[in-house]
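Take a look at the structures below.
Look for chain A in each of the two complexes below; its partner is chain B in the first and chain C in the second.
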Partner chain A sequence: MLKTLIEAFALISTWEVIIAMFAASVYGLVIGSLPGLSATMATALLVPVTFYLSPIAAIATIVAASSMAIFSGDIPGALLRIPGTPASAAYADEAYAMTRKGQAELALGAGVWFSAVGGIAGVLSLMILAPPLAEIALSFSTFEYFWLALLGLMCATLVARSSPVKAIAGMFLGLLVSCIGIENPGGVPRFTFGLTDLFGGIEPIPALVGVFAVAQVMRAMLTPEPPPLPRRKFGSIMAGQWMLTKKYHWQMTRGNIVGIIIGVLPGAGADMAAWVSYAMSKRFSKEPEKFGTGHVEGLVEAGASNNASIASGWVPSLLFGIPGDTIAAIAIGVLYMKGLNPGPTLFTEKASSMYAIYLMFIIANILMIPLGIAMIRIAAYILLAPRSAIMPIIMLCCAVGSFAIGNNMFGVVTVAAFGIIGYVMEANGYPVAAMVLGIVMGTMVEQAFVTSLIKSDGSILPFFERPVAAILAAMAIGALLWPVMVWVWRKVKPVRTGAAATSR
Partner chain B sequence: MSKISRRTFAVSSAAVAASAAFGLTPALAQAYPARPVTVIVPWGAGGGTDATARIVAALLEKDLGQPFNVVNRTGGSGVVGHTAIATAQPDGYTIGMLTVEISMMHWQGLTELAPKSYTPLALMNEDPPGIQVSSSSPYKTVKDLADAIKAAPPGKFKASGTGQGGIWHLALVGWMQAMGLPANQVAWVPSNGAAPAMQDLAAGGLDLTTCSVPEARAIIEAGKARSLAIMAPARNPIFKDVPTLKEAMGIAYATGAWRGIGAPKNLPPELATKLTAALKKVYDSAEFKDFMSNRGFGTVWDDAGQFGSFMDKGDAQMGEAMKAAGLSKA
Partner chain C sequence: MRLPDSVTGSFLVVLGAASAYGGWLLPPVPGQPVGPNVFPLVIGTGLALCGLAIVFGIGHTFEEAEELIPLEDGQAAAAPPPQGKFYSLRALLPPALLLFYVVAADRLGFIITAAIMVYVTSTALGAKWKLALPLAALSPFAIHLIFGKLLRVPLPAGLLPTPW
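Here is the complex of A and B:
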């Protein structure tokens, strides 16, 4: 154990690895923080580069770039209300509200600090608990995934600040969008209008970029410049984080645990982790009424959760070659290319390489604190720049980023179309985040439901028979019935007191 | 720097002009490639097709002295990228990776494109389907499994490995037909690829998967599943213990997912010959062999002519299987 650890240190303390890691960190931070360019894209664009690197350096670039990009997606979310990733979409409103209250440094500091803590918690779980965590992943069949995805969808109503009805409407629109294409269980083209480009369906990323970034630019063109924030230097970014850690230690731990568990499930990943944790935080908070007005509690929990899920997402990838999310799918390709074939032998025969990966994760998360602070300080100038300078640059980033996803114009058209949809929705009080959630989860809900029914020959009993499925079903049904029960109880109570009054 | 590139540009445009004026001469083939070549991949970065394309491109670059840039044109389950290859100029500066889907999608009515829409250059890889069961499954050999499938009512057994009408689905249909069973004897559960199907197999949600053995490798090595047979003419040297269907059951059925290099139709024959020769060198190189065997990918070589007839034969076979499975619209 100690010997392999020393070997692992030797593996990563070469100039090549150190330079690769540092460069990839800066690259990941920049790409993640540009609105319209996502963490997945940052990782995909690194693949050709990894061809020319040694195995460990190649993995180092992926680890560093993906960790940094997921955090820095919070930066435009907080400063401009344009989340960089679907994961940050869950709490972009909240972080932006904090910025408007003059607490940008607290919001972003919480992002960097709890991301780093979550990331390290995730690595520790990867180091210590990989085999038992992998067992959890393998106990999930489509029945369990169905309930999980349904729970994820329910977060739409919990997170939204608008009326639940409008949140549900937005979510249904997202579900409709997720029906487009032939990537459905039947393999039948739906809503493609004969357009080849629509066969692949609408990816969450272009939709996200459209409804948040492009719609934001459109709003900016139509509304007068908001009162500028008081010109002042950013205060200390890290001050206050220790206090938050002490105050919200339970939320942080819960976020870490939820993130680790969701991350380990292939297909769920950081997006769902952030949404579920933010919703949980609101549900169990002592002050739920403060959510959405610029309250840091949800940021703590969701930030801790999505970064924890990144490291634990590597568990099924490394043990079984099953990707936890799109970033892990790309990472698996690189592992194969470099002769580090996923599988249990990786943990025994190539233990030192494994430990090197763990160490790189820890270093990346520590490196995130100073680099993240520097990035936040630079990004803070955005708040001082005039809007007429910022908005064209955002448009440019959106166009470039959406083109780069599939190397064709279709991505750009998709982003533009969703910009209009997002603008119209926001103008009428429908939360766009709920629609993004619908697009992210829709395919998973349908796939899990239909394939489960094929497997059970149309019987719905197996959805409740398997033990894990039964627990998730109870949670989902409970969450569904809870508001109804509260409503009924409130209706009944005044009647009762009324009845008591007349009988007196 | 900019001057040099401008001069190269002038030279190459002069070459193009000359070829237009005097028709194609062997001199053009000698000058080819005079500028960077684009290699279109219809699938995403990081996957098996992408990795194969990138190693081929890197080795072509070394041999022919011009950059071979891999461009991922994803979307539409491969239709978008395959269309981009077919509609490019047949000047040798756009080539691409053709995959088995090109012999399937037109039967489903998803595209007009078929193998005849391309100039075939070389077949580089083919991976046969395997038959995997969970390690807790009672079936130890493929014969046990086949007997149980025959005895059970249609649809009792559930299999997966890819989406509805995907290559591994058709492999299952072909196997059932080879045993004289109806196409729907085993129900197909669509999945988003081999990895989720293998996970569901290990989670107890499925009876068998028909994805390739390399795709199932990690789960098999983790002791969660085992491979009973492969639908190929010969065993895979990396997975020596897995018998072929012919050895285990006397059924000669074989198919596979393949990857080859093609160009737009009407590529000048001089350029095609030159590219095929360069691809042969790539195929014979130790780098290519090492890379493919490390991932457990099968290597096969077919030159342009053989690749063309291989695709035609595969196309007809796919059409038959898809009609049997009720997936064909043609």
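Here is the complex of A and C:
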């Protein structure tokens, strides 16, 4: 253990890793603070750069950029009432109300401090949860993997804040995209329409860049520019945070735990964690009437929650290759590219790399405090940059980045196509995240499904025979039926209250 | 771009049926009951069923309930933008520019193509020429420096090779 820890330290204490991490932190802070540019987009645009870095430096950039972007989304949320990332949307109003009361320092300071605490709690969960789960996962057969993947996909549709039917349809669309190409059980060209470019299938990364970045530029074309940020002088940002920590330690812990759980659930990410934690904080608060008027309690809990989910989202990603959220979906792509194929054996064969990931998460979250404070102080200047100057650069990065992934122009076509698909889906209430998970997990689901079917000779029964498989199957089917139950319950409830009213 | 559910649902039914049929035509692995045909068949069927459900408005209640959930509405409410007849078509500009890049980059070279892309996007978003022109002149070189020089992505030189 000590030896691997020293090895891990040696891995991360190279100049390449240190510079990559620092640059990615600044990049994440800037992108996250710009309204409309999400943490997922920041990470997706980073992938082409990671191509040219060593494995550890590549992961370092993703870890640093995603953690920082989730925090810095709080900045425009608090100062402008426009969340920089979806993960800050849940409490942007609350933070803005605090700014109007003259407590901008306290709101932003709580953002930095509890984000960092949440991030570190998330890493601890990753360190504690992953190895024992890896032990269990070693005995998994294709049946378990199939149900696990299906459960992941179903979770993604459950937590989507839209119609579950549309979410499932989005997931199927993603799976269908993953069918394209010759990488299938028979090795025959499937849905390629004779185009050689499609033989290799649709790369997940250009698809992600299209869905998250190009679609965002498309939306910007139709929405008015956000107002500029009023310049202001900040007092001490960290003052009072220790007092808040002591006062709201229980809320903070609850936020961390909820964030960790939601992060581990496949498909549910930081934005979901923030919504749930904010609602929970309001529900269990001793002074719920203060919520919405500039009360720091919800900020503490939700801020601790969304950053905790970032690290714990890596648990299923590293163990099974099932992404915990969209950022982890990108990270999985990078892991494969760098020869760190996700799976339980990663923890035994590449233990030092795993420790290096833990260490980088911890360092990124500690680094967040000074960099975050600096960012808050200069945010007014960065937010002066007009959208018409940022979006063109994003477009260029999309074009060059998607070209760089395979050094061919088809990547750019993919980005453009998925930009349109993402835009149309979003506009019509189809959750994009569900499709992304479908694309990323498609090959794995199919492989597990077809191999299981061949093993069972076409019979369905063996899918339920092993105990773990049966439990996972029950959970997956339950997740599928859950919306139906909610629907029935909603139908029954008004009838009952109506009946009660008439009998009275 | 908001289409009625019946349109998107019907599209999904057609797409699902087409992929199920396409999958059905594929040969199985020799000597096995299943192969590359099974998965598209299952997905296509599922997609078509979802499409049907959407056409009939199943699950629509969840969407309406969802629109209430962003309680205090995180986005600052802004005045509705002026709506011309072709206003919504502006959204297609970014993908169109990307396709322009695909077609033109090899002939014109990266710098020129990128400059055109930047200028058009920036102007479309409301920038004056005072901002758009210097941006279009400088940003391609900056991106080329990062991707072409540091990361060694083979960007096409075309008509205007970079000095490095």
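Methods note: the second predicted complex is superposed on the first by the 277 of 504 C-alpha atoms of A that agree within 3 Å, B and C clash if a C-alpha of one lies under 4 Å from a C-alpha of the other, contacts with A are read in each partner's own complex, and residues count from 1 in each chain.
As a convention for this text, a residue touches a chain if its C-beta (ideal position, glycine included) is under 8 Å from a C-beta of that chain, and two chains touch if they have at least 3 such contacts.
Since this is a predicted model, take the numbers as computed values, not measurements.
Student: Check whether A:186 is in contact with chain B, with chain C, with both or with neither, and answer first, second, both or neither.
Tutor: After superposing on A, A:186 lies in contact with both chain B and chain C.
Student: If you stack the two complexes on chain A, which partner ends up touching A:342: first (chain B), second (chain C), both, or neither?
Tutor: A:342 sits against chain B, while chain C stays out of touch.
Student: So, A:359: does it touch chain B (first), chain C (second), both, or neither?
Tutor: A:359 contacts neither chain B nor chain C.
Student: Please name the chain, chain B or chain C, that touches the greater number of residues in chain A.
Tutor: When the residues of chain A touched by each partner are counted, C comes out ahead.
Student: Which holds for A:330: it touches chain B only (first), chain C only (second), both, or neither?
Tutor: first
Student: State whether A:225 touches chain B only (first), chain C only (second), both chains, or neither.
Tutor: second
Student: Check whether A:389 is in contact with chain B, with chain C, with both or with neither, and answer first, second, both or neither.
Tutor: In the superposition, A:389 contacts chain C only.
Student: By the touch definition at the top of the document, which applies to A:93: first (chain B), second (chain C), both, or neither?
Tutor: The second partner, chain C, only.
Student: Given the touch rule stated above, what does A:169 touch, chain B (first), chain C (second), both, or neither?
Tutor: second
Student: Quick one: classify A:424 as touching chain B (first), chain C (second), both or neither.
Tutor: After superposing on A, A:424 lies in contact with chain C but is clear of chain B.
Student: Do any residues of chain A touch both chain B and chain C, and if so, which are they?
Tutor: Common interface on chain A, chain B vs chain C: 48, 51, 185-188, 407, 450, 454, 457.
Student: Over in the complex, which chain A residues touch chain B? Could you list them?
Tutor: Within the complex, chain A touches chain B at residues 44-45, 47-48, 51, 134, 137-143, 181-183, 185-189, 196-200, 266-267, 316, 319-323, 329-334, 336-337, 339, 341-345, 406-408, 410, 447, 450-451, 454-455, 457.
Student: Inside the complex, what are the residues of chain C that reach chain A?
Tutor: It comes out as residues 1-3, 5, 8, 12, 15-16, 19, 22-23, 26-29, 32-40, 42-44, 46-47, 50-51, 53-54, 58-63, 66, 69-70, 72-76, 78-79, 81, 87-88, 90-99, 101-102, 105-106, 110, 114, 117-119, 121-127, 131-132, 135-136, 139-140, 143, 147, 150-155.
Student: Once bound in the complex, which stretches of chain B touch chain A?
Tutor: Answer in residue numbers: 44-48, 50-51, 54, 58, 70-77, 79-80, 83-84, 108, 110-111, 155, 158, 160, 163-166, 187-192, 195-196, 198-200, 202-206, 217-219, 221-224, 291, 294-295, 327.
Student: Which bits of chain A are touching chain C when the two form their complex?
Tutor: Touch list, chain A to chain C: 48-49, 51-52, 77, 80-83, 89-90, 92-93, 161-166, 168-169, 172-173, 175-176, 179, 184-188, 190-191, 214, 217-227, 275, 292, 386-389, 391-393, 395-401, 403-404, 407, 409, 412-413, 415-417, 419-420, 423-424, 427-430, 445-446, 449-450, 453-454, 457-458, 483, 486-487, 490.
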